[in-house]
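Two complexes, one shared chain (subunit A), two partners (subunit B, subunit C).
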Partner chain A sequence: MSGTGRERDDANSASVSHTSESAVLTSDAGSATEQHARELTWTQRLDALLVAALGRAGWAVAVVGALLTVVATMLPWTYTAEYPEDLTVYFYPAGPQLYVLVFAVTGLVLLATERIPPLTTLVRRLLPHGVGGTVRALSLGCFVLALAVVVFITGTLGGLVNVDPGGYLAVLGGLIFSAGARTLTSDTVTAIRGRLPDAVEIAVVAVAMLVLLFLIVAGLDIDEQQSFAAYVIFVGFLGLAATRAGAVSWVSGVAGRHYGVTVTAAFLVAFLFPFTQGESNRYLNVMANVLIFAVVAMGLNIVIGLAGLLDLGYIAFLGVGAYVGALLSGSQFSTIDVVPPFPVVLLAGAFAAALFGVVIGVPSIRTRGDYLAIVTLGFGEIFRLTMNNLNGSSGPDVTNGPNGIPDIPHLEFFGWNFGENLNLFGFELGYFANYYFIELVLLAFVVLVFVRSNNSRVGRAWVAIREDETAAAAMGVNTFRLKVSAFVLGASLAGMAGVLKAHLSTSVEPTQFQFLESAFLVAAIVLGGMGTVTGVLLGAVVLRLLPEKLRFLDDKRLLIFGLALIVIMRFRPEGIIPSRRRAAEFHEDEIDEALAHGLSAPGPAGGKA
Partner chain B sequence: MSTAASPTSSPGAPTSVPSGAARETVLRAEGVTMRFGGLVAVRDVDLSVSEGEIVGLIGPNGAGKTTFFNCLTGLYAPTAGVVTYRGTVLPPVPHKVTQAGVARTFQNIRLFHNMTAMENVQVGGHTRTKVGLFDAVVRTPRFRREEEASVQKARDLLAFVGMPRAAQTVARNLPYGDQRRLEIARALASDPGLLLLDEPTAGMNPQETREAKDLVLRIRDRGLAVVVIEHDMRFIFSLCDRVAVLVQGQKLVEGLPAEVQADERVVAAYLGTPTDDVVDEEALEVEAAEARFAAAHAQPVTRAADTEETQ
Partner chain C sequence: MEFFLSQLQGGVVLGALYALIALGYTMVYGIIQLINFAHGEIFMVGAFGALAAYTWGALDGTTTLVALPLMLLGAMAASVSVAVITERFAYRPLRNAPRLAPLITAIGISVLLQELVRLFFPINTGDSVAFGAKSDQPFPKLIAGERLELGVIDISRVDATLIVVALVSMVGLVLFVNRSRTGRAMQATAQDPDTARLMGINVNRIIVTAFVLGAMLAAVAGIMHGLKYGNVGFRIGFIAGLKAFTAAVLGGIGNIGGAVVGGFFLGIVEAMAVTYMPGQLGGGAWKDVWAFVVLILVLVLRPQGLLGEKVADRA
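And then the complex of A and B:
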């Protein structure tokens, strides 16, 4: 934006409208009073009510609530040590109590800085939009955690009688803390513009990645369901608090400036994961499955996130690859007695899936929107039923029908047997590490394809089709051909993943390719953030990893999943990590800044690599 | 680009074209008709545009101006009629029309809202670039060259339309006037020989309208032919070399701005015919105009009735 008055006004009005939009999202108290009562959300009404009730005492109420919470963590929350992590000891907070204590103490410190002048200016420099939002997230975390633990104790030990007063006090303290914190005003989160020397920024990226690895490994190490659930809540609110403090947007800004470093660091961290597991295969197996899911989700991300084609039968392409992999694996149940080397099978799987993609794509792509979704859903089911019927009695004997192709041997790759433990740098790793590493390579490849095709003429045309198909056609984009190409590219990537999946799960059956799996894939993309790499990877990991750890929810998994979908779509429809637009806003800020410093026109879109 | 040397003045072209005789005809639409069921939105419209000419297309709301544009650009396949661009018949396929050299903007802005201004313009250049997926993934030298050229061209075009600093701004965050200008830059990116502008100044303030007029003139100076749909009469009559008036799907008048401006039928089509409080002298004049207008309309009305019966 240039400095002329009119344009400046336009920029201001744009940012104002954006602010009010995000105010609705984050239910910001400050702007609530200015808005017409009719437009207020229930959270804003609640805030207004609390401000009216507590007036200037809000800060004191929050401090009292936080202190109560701290005291509560020093008390036992239950009578018996049967509840995991032993919450019965005085002055010895454990597990969830520790999480609550961390939130409460951090909240207290931040509250204190508001009333200690030298600290206030310091904090203002670090958190330019005030501590209000952060404290609010922390206080809500205290309340939700305490409440969840009380519910778990009730559920696990049978009845409310098992809750010690300490537990009730924690819930009460959290509630008061929250009520007080909601009256604190806070500006909307804006990107922190400060830049540090490159070396420091790269270190920040590295530390952020290691923290991520630590959080995942620490989470996997927790065996008890209740403790894990508490841990997830803790991490969730930690993330929320960090977002409100602006730390997340700052780190993602830094990561955006050092894109290559970030990607490398992310893959390095993923590479390090098996070394945290010793010889144990338990979570390597889980993570290997998570990676397959992530690869397929990234492939579908091209179709949905870039080209905007809602494909509800995508799992069929994974199925094609898996069947190709199984048939060419040398399994005794395979109807084909040929065992080509692995790279050939991988390409065969990709090719077969691409062919299937053309066959399905060419007729389906002529439909738009909802109709495309229905047509692809139909083709997905047709694939599954066909595989079910190619059993020798209702069709030629190819797939053994519902019995599938079991007993698929481990991969052999240039004398590297995937069934043996892996020796790497003197570390003995469980044999699933083989699969984990090769999938990591495949994931890196798929991410590369995604990013590079996205930042190209073809990718821009895909996004243009998603944005406005008619306008794209009028700008000279051959929409039909490009949509088919997105469809086929996505299909071939899923086909490769399928070949690996066949060996990983040692058996391929039609039931593995139900519609529900396609729905999960779409959900991972929508939850994570359509068209982004980090978002979709995060969505895939969360959607596949959490159910593995939260086994006690087994029969309620879909219920919880559905609720989570509704909640996220209500409060964050753009996904956990929103795409392009936000990145571009960062850029805009940088341009503003550059202009403010008297620099000339902005450079090219350099950060994109 | 032209294959066949087309005759410079067709029988359908008006005789009043200024200095058109020496120039090549870029666009020729003959007998374009668009029927939606029983409704005839565009009926038998002829229009030809020469190189470096700015032609205005005006008419009351619902006269079929935008429908006519859609017929020209292949968004609609006309029920009857032929559209030729420099002697080649245009197929009713949008991307092929753009490929041939006809670009357009939209009445209600249709930018790719979540893409940056730069990316919008780059998409506009889609047909003039070639690299495919393989080049993109492998990052071949060809890809780098073309991508660089594409960025440079987009930057030039953004500068040309007067928004050099907005390259990295997401389209939806641009001010309204800039969005209109970006649409023009995006259309220009396909290196067209003919640009169709659908209400380029709608919703603009007088200052922005002046800038838009200046921009259209500069586009003309690049050697492009321009057809403009517009409701702002001052804009049209001060800008265009020639103006055509569409009323109820038919071309009512075509000629020099001054001629069209003075034509009573045009006034009647826009303002309707006065009914009361008219001084006698004027009333007589109006009656005459009314009669002419009615005569002009008698034909289409009956024809429309005919088609309804036959269907």
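And then the complex of A and C:
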């Protein structure tokens, strides 16, 4: 939003939040170029082009495309059975073909309702926004999936020769389907306000959570990377279609009304996860690491999401906790020969990190915005370099320098050895389940801290500081003390996570705490939706779990990470599940425009601030 | 005394390098108040551009006087094109977004550029191409020869060239900014973009110019870095960029003279800290730590920098 726009719409600045940052950002160079800002985006241009070309035939084109796609799924896409799923059989769709079939048939059914009057009214009642947006999502899903599979076949089997006509037909069908679907009207999705009896709504929440568990477990079960990638694309477009249909905003509305139930259900589902894995440690290990990451991301979410302090050195707090945990673990490489009981170590880790938080926080807090980010980055790097240097030659011998502290034993906790398989309700679970469960408890604690402080006087003061520090100070908010407290609270939570991490990864080295890790954490928060619980947890899971499964990306993971950051900031800076406030902030000009046209502002789908 | 002088000299050389990169930060900041966090990577890309020009341009047998200008061309082509592309496709769409957005984008660009070089930099292995500069690549030491002795100063030829090249570039930049029509348009835009636009200045073009000038200086720095140290790696941009940013802030970000002063100041502080810090705190292992300490002290205590510039909205 630029200066000129601000002046034009001063009246609605109450509903649209201006952060102190965005106020600063209204640097005048922005307005100098604003006349270009309202150009059509390329998708709008594409739509206009398609409507001009197809006219009223759009619906028919979409149907033809969808039918072609259905036919394509009945044909073989490749002629060797070497591709992970057997895509060589006539009239027997498998794997990705099934996904495409599901999309195409659902799309066809929805398209049909547009032309069958009694159904049209019924569907209109269920989907007040029409089927256009949903069909668009489904058709694009068909196209992307087919294209991806063709690419995978080419890559896996070596060359385009391995693609059979069925594959090409599917791509073509998807393309025609998409082209037709784009000419359908797609209304903006707004939140559905309908209410059902409480019992039904709670059941909806439970079902939604179980579906989530099912999707995750099913995804983890897929071993072949091509199949997994196809699965991810399928789930992604399924989610997109559900969003366009309004289902997502409805479910999140329901979940919002029964917040306690939802959170309980979510943790229950997370608790159930190890039981789906049997004695296998493979994904328990992965998920235990994901959980640590999620805990740290939630802690950082307090600092960034609530108090608005962009901390780029947050990983250092995890590092402090990890080093405390490692030094007090009884590892033979530890330079301290004291092994206190675990709860003491946990508190020591939290305390040390909090202390470090004060040391870093007090000077950093004097700066704002970008400068704060860079000061914290500097502190983070100083921490890493110092841990590297306390090796006996360039400093006292505390941390073994770059070699770190390996051989950290498993946790022992009231006679509960974390290195042994866990017996629970007659199920034998791999020993990583121990870590998984204790981390789940920690995560629940961190989420509780987040939610409670968000709804408290302190939390409101943080938000006030985030939105406009000067105004907050003028209203009597002790900005300095509150900002330091956000820093220290975030730090101590990361410190606790660090102690667990030391035992989980059995070795602690300086390279685990480099700047890139902080960038990952910030990315998880931004990707998911800053200041939200669900969003950040989702962001953390996506960012840590996907790379684990997509091993074929191998050393290209960072490349994709960098690209993803740029693309997200460009197209959806508010994250997957935005808080209402942030979405408003990032789409000020669209909201302004809507208001100018006398419409109500399009509320972002779902999510709670 | 002689030892002190040689340390000082080392600091000045380092400082010249920092100053060259810092100018890029400062110019972009001065005009659109954006901290181009990826500028260190532009410097790294410049170094690799020069290396590519050398290895692929069959410059191996030619004299230094032929090779260097061509390498400079390669370095600038790489840096400038990357800078222009990032400005156009990553930063420009975010010009009106909340401040967090461009910063995160910049981190993304930084990671992306490092990875692109790490995975796809074409190495000439003689008869074939190997992709990816995963480890440090040897950089031709074109400026060799005996050390120069000028009175009390005893300096290697590379260092002397670096200082001269840096000074020439800086003088060139100052002349451009103060004398040329475009340069004056840049100043006008920095002071008041809206009025500048009303006066018929194409603000978008001026912003691109700032990015291009910064990238050209970074390319010079990249090539000099390679010549001085004899190798380049995809990681050199991160630390160098942070230090150059420190230098820019130290001198007062947005202030061209300040970036130069800040660069030399930081270089000298770093060289002195390595030598004169007591006990184990001295030595190369801690040198980056001292640079970061300077960074933090400046940002916290004197965010307007040594020479000062209007940054009331910053701190």
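The rule is short, and it goes like this: the second predicted complex is superposed on the first by the 541 of 609 C-alpha atoms of A that agree within 3 Å, B and C clash if a C-alpha of one lies under 4 Å from a C-alpha of the other, contacts with A are read in each partner's own complex, and residues count from 1 in each chain.
In the analysis below, a residue touches a chain if its C-beta (ideal position, glycine included) is under 8 Å from a C-beta of that chain, and two chains touch if they have at least 3 such contacts.
Note that the structure is predicted; figures quoted are calculated from it, not measured.
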Subunit B versus subunit C as contact partner of A:Leu147, first or second or both or neither: neither
Which of subunit B and subunit C A:Val375 touches, first, second, both or neither: second
Which of subunit B and subunit C A:Val102 touches, first, second, both or neither: neither
Partner chain(s) touched by A:Val248 [first = subunit B, second = subunit C, both, neither]: neither
Subunit B versus subunit C as contact partner of A:Leu558, first or second or both or neither: second
Between subunit B and subunit C, more extensive residue contact with subunit A: C
Touched partner set for A:Leu67, first subunit B, second subunit C, both or neither: neither
Residues of subunit A that lie at the interface with subunit B and also at the interface with subunit C: 1-2, 585
In the complex with subunit C, residue positions of subunit A that touch it: 1-3, 19, 21-22, 24-34, 36-37, 310, 363-364, 366-371, 373-375, 377-379, 381-382, 385-386, 388-389, 393-396, 515-516, 519, 522-523, 526, 555-556, 558-559, 561-566, 569-570, 573, 585-586, 589
Residues of subunit C that touch subunit A when the two form their complex: 31-33, 35, 90, 92-105, 107-116, 118-119, 189, 192-194, 196-197, 203-204, 207, 238, 242, 245, 249, 280-281, 283, 285-286, 288-289, 292-293, 295-296, 299-300, 303, 313-315
Touching residues (chain side subunit A, partner subunit B) in the complex: 1-2, 7, 10, 14, 448-449, 452-453, 455-461, 463-464, 467-468, 470-479, 485, 489, 579-581, 584-585, 587-588, 591, 595, 601-602, 604-605
Footprint of subunit A on subunit B - complex, ascending: 73, 75, 94-95, 98-99, 103-104, 106, 110-116, 118-119, 122-124, 126-127, 129, 131-133, 135-137, 139, 143, 146-147, 150-151, 164-170, 172-173, 175, 186-187, 189-190
